[in-house]
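Here come two complexes built around chain A, the first alongside chain B, the second alongside chain C.
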Partner chain A sequence: MTRRKRTARLILGLLTFLVLLAFAFPFVWMLLASFKTQSQIMSTDQLLSFKPTLANYTSVFGEHDFLGYMINSLIVGVGSTAFALLLGLPAAYAIARYHLHRLGLVILVARIIPGITFLIPWFILFSQVKLVDTYTALILSHMLVGLPFIIWIMISFFEALPKEIEEAGLIDGCNRHQVFLRVILPISGPGMITASLLSFIFSWNNFMFSIILSGEKTKPLPVAVFNFMSYAEINWGALMAAACIITLPVLIIALLAQRYVVNGLAAGAVKG
Partner chain B sequence: MPYKWFDRNLKWIYVLPAVAFVLIMMLFPILYTVRISFFEWSMSAITPPKWVGLDNYLSLLRDERFWRATRSTLYFTVVALVIEVVLGVAIAVLLSREFRGKNLVKTVFLLPMVATPVAMGLVWLLIYEPTIGAANLLLESIGLKPLLWLASPVQAIPSLIVVDVWQWTPMIALIVMAGLATIPSEPYEAADVDGAGRWRKFTAITLPLLKPTILVAAMLRLIDVLKTFDIIYATTQGGPNLATETLNIYGYVLGFQYFKLGTASALLVLFFALVMGLTLLLVWLRKRVEGQYD
Partner chain C sequence: MDRKSKRWLSAGTAVVLAATLMAGCGGNDKNGGAASPADKGPGGGAAADKPFAGKSISLVTANHPWADAIKPLLPEFEAATGMKVNVEGYFEDQLTQKLTVQFTAGSETPDVFMYRPLQEGKLFFKNGWLQPLDEYVNKDADYDFADLSKSAVGTATVDGKLAGIPIITEQEILYYRKDLLEAAGIAVPKTIDELVAAAQKLHDPGKGMYGFVARGQRSPLVTQVSSFLYSEGGDFMNGDRATINTPEAIKAFTTYGKLLKDYGPPGVLNMSWPQAFGIFGQGKVAFLTDANSLYKNATDAEKSQVADKVGFAPFPAGAAGSKPYNITSWGLAVNAKSRDKEAAWAFIQWATSKEIVLKTQEKGNPGARASVWDNPQGTTGFPAELVEVIKMSVKGGVDHDRPTVINVGEARDAVGEIVQKIITGEANIQPVADKANEALQGVIDLDKNK
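Here is the complex of A and B:
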């Protein structure tokens, strides 16, 4: 290898490392601060070496009902994903199989419109029927985020399935509905995993709809952690512990199902 | 017999629930927003909405705060989008070669996109904290003067742009990497025969072939940057001195803090038109670019 090539490789490697560091840094900082006391965070001479404490985590779960907020987030995330799958899977199948692409487009418009445009009418409507601060309102609103993604991802998945599979099912005496339930769905695992994971992550992370439509009984994690800040003095350690707790499940999902999540996020783009 | 009927109309039965849901949850609210934008109403049960015609729109157009929010939105969007696209393409090219630990890098890249934005906003609030934050520690360690970051009206939007760039450059990079993988190797081999250098190959082969991919990525990003809410509201709530108040934030404040539902709705209608207009502009641009290859 020539000297010039070796230098080029070194520079590229260094650049890659710097990029990696820049993108990982906030997570490292968050994790470190979550194990520090307030005075350790305040003193800048204990950046990396300090005596770790679990006090922030015990305070988050002890003084606040964090477990309750977590359950709220879980109920809304799982609920909105399940109902969005129920509506989205047959719709995506019909759009893919019968080339109803114009309908697919209508559903995608949901992604373009600013979510806040829906929020005022929803708030008025849900207030009138006394649905503010119920899981129903949160699940319905989160579904509007998850459903377009599920349909979008599943259309490309169903289109990629060979037609022969269905024809075999029809010859065996199934009607089309049975073909969908007994032949297509069982082999659609990968697509359904991608779609559900993304829909769940979007719901888990959602802040704008939740801050308006939730209340004391249904407050999900992002709203709860935001309310931490409204205290007079910011307790940074506890805030970072709370941030870690919220982020951890999503990060674990993303790590375990990396391939699926990347596919899902890129699906919209590749198909264009 | 009913089975046959069911089978024949299966496609409509399958799409109907989803379409009905979207229409009820989306179309109805949009129409309602447009309607209420011609009324004056503060959600009071005693005073019904009062018809005011175009007054809400006219008062917005005379409202200095509205124009400020429009400028902030465009400033934030354009700068963030340009940096994300340039940096995203650069990183994609940097990572396109094979090296040890490539998967680790890709994994780390995924994290900013999926991590809860509100939580990340709070982390950046700590990083930007002027006395104890990492940002100023870094500046001081290389001998620069500390900055006020989010606490300064001038530096607040650039600081938020950094957060958005951190969060979403990976998405552009991942999309462009997928695009890079589809480029055949023949043009590069031909260029090697011609003795073209690295930069020449990048500008003459890679970029033109990537153009459609980059435009799609930019379009998807544009739609979302315009609507950025979480990281702004979690860190500055539009402050200091309204410096970071984008249209999205102002609409939220008008609607849910001042309860001026009519004015807020008028703003949202205009905002919706802006998002639609810019998206269509990019769609048109993309069509033109694709047309070049036909």
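Here is the complex of A and C:
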């Protein structure tokens, strides 16, 4: 009995490892390649055993000022998420509590329309008010996706909260706004974290809006990565080093926040 | 009903109010609104020798060694003219994307930009986005426009008008492994038949050695098969007629496809130049045909394990002789909506002058000026052997390397289809070629209505 259990566990572990290997391989390759020279990357004999070099990372931070691009991405990501929360939370609350589902649908449509259709009108508008290559333009454009995202996640979250909590607040002398600010928001942490996380990751990875609306001053990471590809040369090592650097913050945030999301969800399941 | 619309109204008002609030905040975190430089009129004491004092132009480049070479020279130009040049650089596909959106939106910027005459030239020009430069080039006799290679200028010409000024030229050449040829006692192939025979002899897949490699991906291969096509006496089109199903064309496509099928490494269908040069640099292939502009991928010890064993040869001759493409891969053009075309032209005139082309060419950027190629100093940026090959290739070259249409993408797919079918072993190629020819004809016919 115990032996059979043990072999079963072993097989399961082995299978898990195999699946993990298949899924993680691109990331492992990316990580390995970021420590190789161009000729080592191209060679299949040196897949795992090679002499590591840090040259790619020094080139990414030294010659290419990736720190600057990172700050750009951070400003736009945090900015667009913060403003989307500011607008989205009250909007989602109103839609959830007053059943404004048609309004909700209209907001969703903005998310369904392919982003590229907005680009030309945006470029015309932003260039007329001279906002191209400013953080304002990037933050506003990234909100197009972040805002509906936050609204839609929060609608279902707010709808799931029992009405009784609000009623208790009203009886204790709060008005509607105070109920929202003092009662609803403090228990909405998990929903807010999930929503802002997704909104931030979208902004962090966004390429299309950024390439058109950014410029030398505001270039974010996904656009800057292409610095390593030129007409007659692709610098794979540096490209992979840059890719690692882009992936890392998102990975860390996701791992950290995951705990809160799970904890919070359990805590949010309110006793009533 | 009434209550419902009230709810709509209040929710809508809330959103609008919040949006205005936020737009206000957004404006504060960067003084973007007031960032525009004073570009109207010369500032204060503009001396006569600084004709553009106080003006500024924007220049958008590709990620290209030419851009790296020109940037350090800009301060000199700015000091001489008083003009400020703002530079931005993008990867080539992004550049096209960004320029297309900007021009569609009728943007006045950038004033000057790098573009690929054969890829976007026709589209940009026919949309009226490029300023024809014919009347500018002969204004200054010192500029010596006739010094630019005819073939290169031909590439940058659309409907008889000069759409841009060539800055980078390239030709297709044959790369080979000196050590392997020497060991096997084979002479450097001078004809396509000799190339096929030599590739066959050196092909030994059991030992991980392959005879020949080139691009096998559908669209990228088109430019590299073009030299085979011309050397066999064919072309993609003749006037308004598609000609990729003629006997010459089929012979050329079959030679190229069979070289890859019979003597190529595995996975060649997924190879563009990075993969082809990658495997060549691993020392696993004897011959490679591709653009000369990529030579550093084969001769740089950082990227290639056979860096010191690579030889260069002119493109081998077919029935019609050796006719590689000899094209302008990058040009400089002026935005038709630019607010200051005089300043834009002044920049191009400087950047493509004999003196500056000499400086950029010394850094390995093959330019279009004959006088610079004849100047010994102008060839110091290249291996001596390559210089000889380039000088020979320029003589018999053809001024395009893909069908010259507006919708280049579709046209390339049509041609690539035929070659890929040959690589995958299709024996009866005529029907495939006929069908592809029809597709190409469709693309050409669409152009005529514009």
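Things to note:
We adopt the following convention: the second predicted complex is superposed on the first by the 235 of 272 C-alpha atoms of A that agree within 3 Å, B and C clash if a C-alpha of one lies under 4 Å from a C-alpha of the other, contacts with A are read in each partner's own complex, and residues count from 1 in each chain.
Note that contacts are C-beta pairs under 8 Å (C-beta built on N, C-alpha and C of every residue); 3 or more make two chains touch, one makes a residue touch a chain.
Here the structure is a predicted model, which means the values were calculated and not measured.
Once chain A is used to superpose the two complexes, chain B occupies space that clashes with chain C. Once chain A of one complex is fitted onto chain A of the other, the partner contacts of A:Asn227 are limited to chain C, with no touch recorded for chain B. Once the two complexes are laid over each other on the shared chain, residue contacts for A:Ala195 go to neither chain B nor chain C.
Of the two partner chains, neither chain B nor chain C is touched by A:Val76. After overlaying the two complexes on the shared chain, residue contacts for A:Leu131 are found with chain C alone; chain B is out of touch. Set against each other, chain B and chain C differ in how many residues of chain A they touch, and the higher count belongs to B.
Look at A:Val145: by the touch rule set out above, it reaches neither chain B nor chain C.
Shared-chain residue A:Phe118: touches chain B; no touch with chain C. By the document's definition of touching, both partners, chain B and chain C, reach A:Ala91. With both structures placed on the common chain, the touch criterion links A:Ile184 to neither chain B nor chain C. Once the two complexes are laid over each other on the shared chain, residue contacts for A:Ile153 go to neither chain B nor chain C. After superposition on chain A, the chain C segment that clashes with chain B is 95-103; the remaining candidates among 23-31, 95-103 or 239-247 show no clashing C-alpha atoms.
Shared contact residues of chain A with chain B and chain C: 42, 86-87, 90-91, 94-95, 98, 100, 103, 119-120, 123-124, 127, 140, 212, 226, 229.
Touching chain A in their complex are the following residues of chain C: 7-8, 11-12, 14-15, 18-19, 22-23, 25-27, 29-30, 32-33, 35-36, 62-65, 86-92, 94, 97-98, 101-102, 104-107, 109, 274, 278-279, 281-282, 291, 293-294, 296-297, 301-305, 329-330.
Interface of chain A with chain C (complex): residues 37-39, 42-43, 75, 79, 83, 86-87, 90-91, 94-95, 98, 100, 103, 119-120, 123-124, 127, 129-131, 133-137, 139-140, 211-212, 215-216, 223, 226-227, 229-234. Residues of chain A that touch chain B in their complex: 12-13, 15-16, 19-20, 22-27, 29-30, 33, 41-42, 44, 47, 86-88, 90-91, 93-95, 97-98, 100, 103, 106-107, 109-124, 127, 140-141, 143-144, 147, 151, 175-177, 180, 201, 204-205, 207-208, 212, 221-222, 225-226, 229, 236, 239-240, 242-243, 246-247, 250-251, 253-255, 258, 261-262, 265-266, 268-270, 272. The touching residues of chain B, counted against chain A in their complex, run 3, 6-7, 10-15, 17-19, 21-22, 25-26, 28-30, 32-33, 36, 43, 91, 94-95, 97, 99, 104-120, 122-124, 126-127, 132, 134, 137, 166, 170-171, 174-175, 178, 212-213, 216-217, 220, 223, 226-227, 229-230, 233-234, 248, 251-252, 255-256, 261, 264-265, 268-269, 271-272, 275-276, 279, 286.
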